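There are structures below to look over.
Each of the two complexes below includes chain A, the first together with chain B, the second together with chain C.
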Partner chain A sequence: MFIFLLIEIFSRSVPQACHTDLHAGQYYTLPTAQLRTLFPHGLPYRFQMQIKTFNEACVMVRQPALELISYLKKADYSRPALRYILYGETGCGKTMSLCHALHFCATQGWMVLHIPDAHLWVKNCRELLPSSSRPGRLDQPLQASLWLKNFKTTNDRFLSKIKTTQRYVWTKRETTEEGRPLGELVDQGVARVKSSSDVVGALLRELRLQAGGAAEGAFRLAVAVDGVNALWGRTTLKKEDKSEVLPEELTLVHNLRKMLRNDWSGGAILTTLSHTGSLYKPRSAYLPMELLGEEGFDTMDPFVPVPVSSYTEKEFESCYLYYMDRHWLQHPHSQTEEGKKELIFLSNRNPSILERLCATL
Partner chain B sequence: MAACSSSRAVRSILLNCGKYSRTPRRPAHSLNPQLLYRHVCQSAAVWGKNLAAAGPEKFSEEYIKKQIEEFSIGKRHLANMMGEDPETFTQEDIDRSIAYLFPSGLFEKRARPVMKHPDIIFPKQSAIQWGEDGRPFNFLFYTGKQAYYSLMHEVFGKVLAIEKRQDRLRNEDTTDIKQISLTGSRWMLKEELEDLLVETMSDHDYSRFLQLMERLVALPYSSLEEEFVQRFRQQLGVQSSKQEIPALQHDEKGVAFCQANGRRKTASASITLRDCRSGNIMVNGKSYLQYFPILQDREQLMFPLHFVGMLGRFDVEAHVEGGGRSAQAGALRLAISRALLSFVSSGEMETMRQAGLLTSDPRVKERKKPGQAGARKKFTWKKR
Partner chain C sequence: MIWRSVDLRRTALRTLLQLQLNMAASTFCPVLLPLSRINCKLNGIYTLISLNKTAAYSTGLSVKKTGAKTGLPQRGGKELRRQIKQVLQPRTERMAVDQDWTAVYPTAASFKADAVPLPVRMGYPVKKGVPPSKKGNLELLKIPNFLHLTPNAIKKQCEALKPFCTEWPAALDSDEKCEKHFPIQVQKKDYVFAGPSLRHPDARIVTLTVKLSSLNLDDHARKKMIKLSGERYNKDTDTLTITADSCPLKQQNHDYAMYMLTVLYHESWKIEAWEKEKTRADMEEYVWEDSPSQKNILETLLRIRPLSEQQEEGEVREELLGREEVQEYKDSVTKLKNEGETEGNMQQYKEAVKKLLSI
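This part shows the complex of A and B:
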């Protein structure tokens, strides 16, 4: 029985695009080479530690991700981009489902614009520079340049093909001409840290204009934002006169909001709500209305909500067998049926709590 | 006629029970007026009095007998007054009636009006131990603890008698060896023995007495002295027979459910345990994973269900108020254990009791004392 289930857990040979409901609950491996290019910054921290420990990246195929992928397959890309919001309680697997969907997009040849955690842009910022281009705004050079570096790692092959449509002037001596490959734009941002926020804005604008075009070099754009509720919440950043910074005053946030409007076509917008990094929100809040607030909800409306919940019994079995297979559960009692019941009770089948619990065994 | 007889009855009742609450100017009672101020107590041992050193008895035998008569008459009058049957008027009924007739706002329960049998009220006193010529009656009088030593002599005499019997019967058949069974009872405490002998003793004396009794019990053929030994033993009640099991109810769909409460420190919890096959637990409307993010609290919830082996079987709907997170978890645990009693056999109930699941934790926050920083912590001690 155990061996039979073991064979069922891993669906390595099935190509990722063909995952269907039959594979729900099974694990599939992400090839390590793709991992470094696709997700330089996207995966949750604990999952990265698990990859290092087990020497492989195994992701469970779950129903929310399958639902999202089916929507992506069926969507019409000549229409304005659809917005998908993954929501659910903390630790249920929203970020992992998002990464699964992104992997699917990447294998289909899409361009992936992944912002790993929007909350990082609204808190703990050491350097806040007043923006060079607009008077009222604030720049975040470090975050922007870091993100541009990761973006470059992910989408290297596209950057040489896409050309700029406008001339951008950064300083008196630096400009980017029209028709230059986007790679130059990105390099400019990485090299000149001071203007990196504006580079990000320019990049987003270019991609918006050129996604899903009818030309040969047409590409589909997947915009993935984790923790999208940060864009409409409060920040913990303060200006020099100790007054609080509103999210609109940050260049990065402003440009990202423009990206999330559905006035462009040829792609999809996948977002996740996250309570973990959110600021000034009660612990019980997990629904879109509560976390996004009035303004955010009105901006994101209409969207396709995708709820993510704790493991079902089958998924729990699968996860348990995976840990047993990897010899992760060392305690002898945890390998018995009673131990399994205890694990179910103590974690209530919540994936992250289960993972932390098993790590201590 | 009835009025004056009842007024006489009331007066006799008042005199019987209100001795310390009366004013000195109480008219015409045959008692020695000094005795009206005697501080009445339940048992002299509680007050730490040295009974033997109290000297010859302050209350004479006839006096106590008269008090007993008056008490029984007063009891009948009281029963008549309350409209109850005098034959079946128990001590609890007396207490209830006195509390009704003489309502007292005093906080100290021992200062309130009381009407009990004179044997309880008047401390037991030893009779005068020497005759008119001054010679003591008991040969052990000059040891100072005559009751104790005479008891020890008696017990040792029994030990010798049993050993003699043993020697005699050793040559004959040995079918009659029966030992006294001591399960379900315990030796009397030192205070209880002092009460029995109407004499104080030291800890050393008490331990010697216990040693001698153990020696007696350990001998074969000691079953002959069983009655004598049982006089000095107190029976222990079986604890779990006093446990109240909450009633098992069924709702419309036939699902069995049970309600129970639990308390710990300042937290109080009330739960409904349903016998569905799902293991959902909702606390105050939230999932227990959300309400108790700390693992320790969830382990506390798991303990009773895991102990009985019914982890995934029950649905719990809980309301909990007050206290902190640990106190709330403890209160819920107690409530779940109590609710489980109706689903579990009596043998398992006994194991649960021994595991400590059914005992409510009496620990509460200790009071802060004046002159100290906390309950135990003292202010910094300065040498000068």
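This part shows the complex of A and C:
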């Protein structure tokens, strides 16, 4: 029985796109080469540590991700982009489900626009420059240039094919002409850090206009934002006169909000709500309206909420067997039935708590 | 421990002897009266007893007189020992199970550990301990107790009050009938007070409760009344409570409360000119018409199927809003916003969105 289950948990040979409900609870491996290009900044920190330890990236196939992928398969891409919000309690696997869905999009040849954590853009910013292009807005050069670098790593092959539709003037001496490849735009942003926030805005605009076009260079765009509730919450940034910065005064946030509207077609908008990292929200808040607030809900409406919950019994079994297989559980008591029951009780089948517990064993 | 028992015995003896000496002094031995101190030798212990000339309180103990012998108490006899034992024991050990509790606590009194036969414990336990017992427990003394208000005691009080009451009208046999015929309820309190004056200051307070469903109010009037009453309105029970205590007399406060109710009622029916400027933020509940949600959904639907030249925008709008999926979506959003967010509401919203956008 034990050996039979062991063989069952790995579904390496099945191609990613064909994952169905039968594979729920099983693990599949992400190829390492794809990992570096696709997720330079997307995976949760503890999962990255796990990849380093186990020397492989094994992701469990779970029901929320399967649901999301089924919607993506069935959607009509000539219609306006659909918005999906993954919500659930802390540590239930929203970011992992999002990464799973993004991997699916990448294997289908989509372009992936992944903002790993929107909360990073509304707090702990060392440099806030007043925007050169618009008065009253604030730029965040460091965050913007870092994100552009990672974006380039992910989507290099698209950047040479897509052309700009408009002339952009950055400074008196620097411009980007119409018809230049997007790669040049991104390089401009990475090189000239001062104007990187505006570059991000221009990039988003270009992608919005050109996604899902009928031409042969057409591509589908997956916009993935983790922690989307940061865009409508409060910030901890202060202006020089010690007054609080509103999120709409930040260029990055303003442009991202425009991207999340469903006035463009040819792609999908996948987002997660995140309480960890959120500012000024009570610890028990995890439902969409609580975290997004009135304004956020009204902007994201209509969206498809996808709930993510803790492991089911089958999924817990699968995770436990995976750790056993990797010899991760060293404590002798954890390998017994009693120990397993203790783990269930202590973690309440919450994935992140279970992972932390097993790391100490 | 030994000294303690000796002390107890000493005090017990003292009380006994005091009693007997007093009785003896008053009745049989006038000789002893002028003596202020008597040295007695009892069981090898010299005790000093001071005789109280003036007060001779009875402790309620019925000390049996041994046979025909009167005068000075028996020394060291079985009788004496039994009597001492009775004084030493707490009253609880002599209580029968079916005793009359109202005799033990006829009025409000502080907690007496020796008179309450319950093993009560109260207080913060020391480490590795339990809450302290009731003997000498100050915490139990400090708190108010209702030992004088047992159901039996209240029954007795009700029986005593019955001669002063009139009969309850037979027609009002259910709460709904009372509510229907007497929607306004007025509560007044009377106090029996003994102080510099016989009047209790809180006796002037008058509380008036009325259910808004029993008043004749339309939608606007009801909302305005709720806004005007503010804190005095309870949403769960739909009652408005007006407490009047600003006048010195009860009758005046009663009139004032009735006046307040009348004024509230008439004012809420009036529509002022500035009420036209009511914004979405002032609304008590979420209304889907003209909300951002409605705008979003219309825009989305129009983007899915853009307008052709013949169709008019207004007509298309009406037609889209009339569709069943849009109505379902509207219901789910209104429910989410008004009733708060739950998993069930979210599921309903999800189904509505899926149907609407044909996922």
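Everything below uses one rule, namely that the second predicted complex is superposed on the first by the 361 of 361 C-alpha atoms of A that agree within 3 Å, B and C clash if a C-alpha of one lies under 4 Å from a C-alpha of the other, contacts with A are read in each partner's own complex, and residues count from 1 in each chain.
We take it that a residue touches a chain if its C-beta (ideal position, glycine included) is under 8 Å from a C-beta of that chain, and two chains touch if they have at least 3 such contacts.
Here the structure is a predicted model, which means the values were calculated and not measured.
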| item | value |
| --- | --- |
| Combined model on chain A: chain C and chain B, fit or clash | clash |
| First (chain B), second (chain C), both or neither touched by A:I353 | first |
| Which superposed partner A:P80 touches (first chain B, second chain C, both, neither) | second |
| First (chain B), second (chain C), both or neither touched by A:D263 | second |
| Contacts of A:K341 with chain B and chain C, given as first, second, both or neither | first |
| First, second, both or neither for A:P305, with chain B first and chain C second | second |
| Touched partner set for A:E290, first chain B, second chain C, both or neither | second |
| First (chain B), second (chain C), both or neither touched by A:W328 | neither |
| Superposed model, chain A: greater residue contact from chain B or chain C | C |
| Where chain B runs into chain C (options 58-66, 130-138, 220-228 or 274-282) | 58-66 |
| Chain A residues touching chain C - in the complex, by the definition given at the top | 71, 74-75, 79-80, 82, 262-263, 265, 287-290, 298-299, 301-307 |
| Residue ranges of chain C in contact with chain A within the complex | 291-293, 296-297, 299-300, 303-304, 329, 333, 336-337, 341-343, 346, 349-350, 353-354, 356-357, 359 |
| Chain A residues touching chain B - in the complex, by the definition given at the top | 89, 283-284, 338, 341-342, 344-348, 350, 353, 357 |
| Chain A-facing residues of chain B, complex | 279, 286-290, 295, 298-299, 302, 305-306, 311-312 |
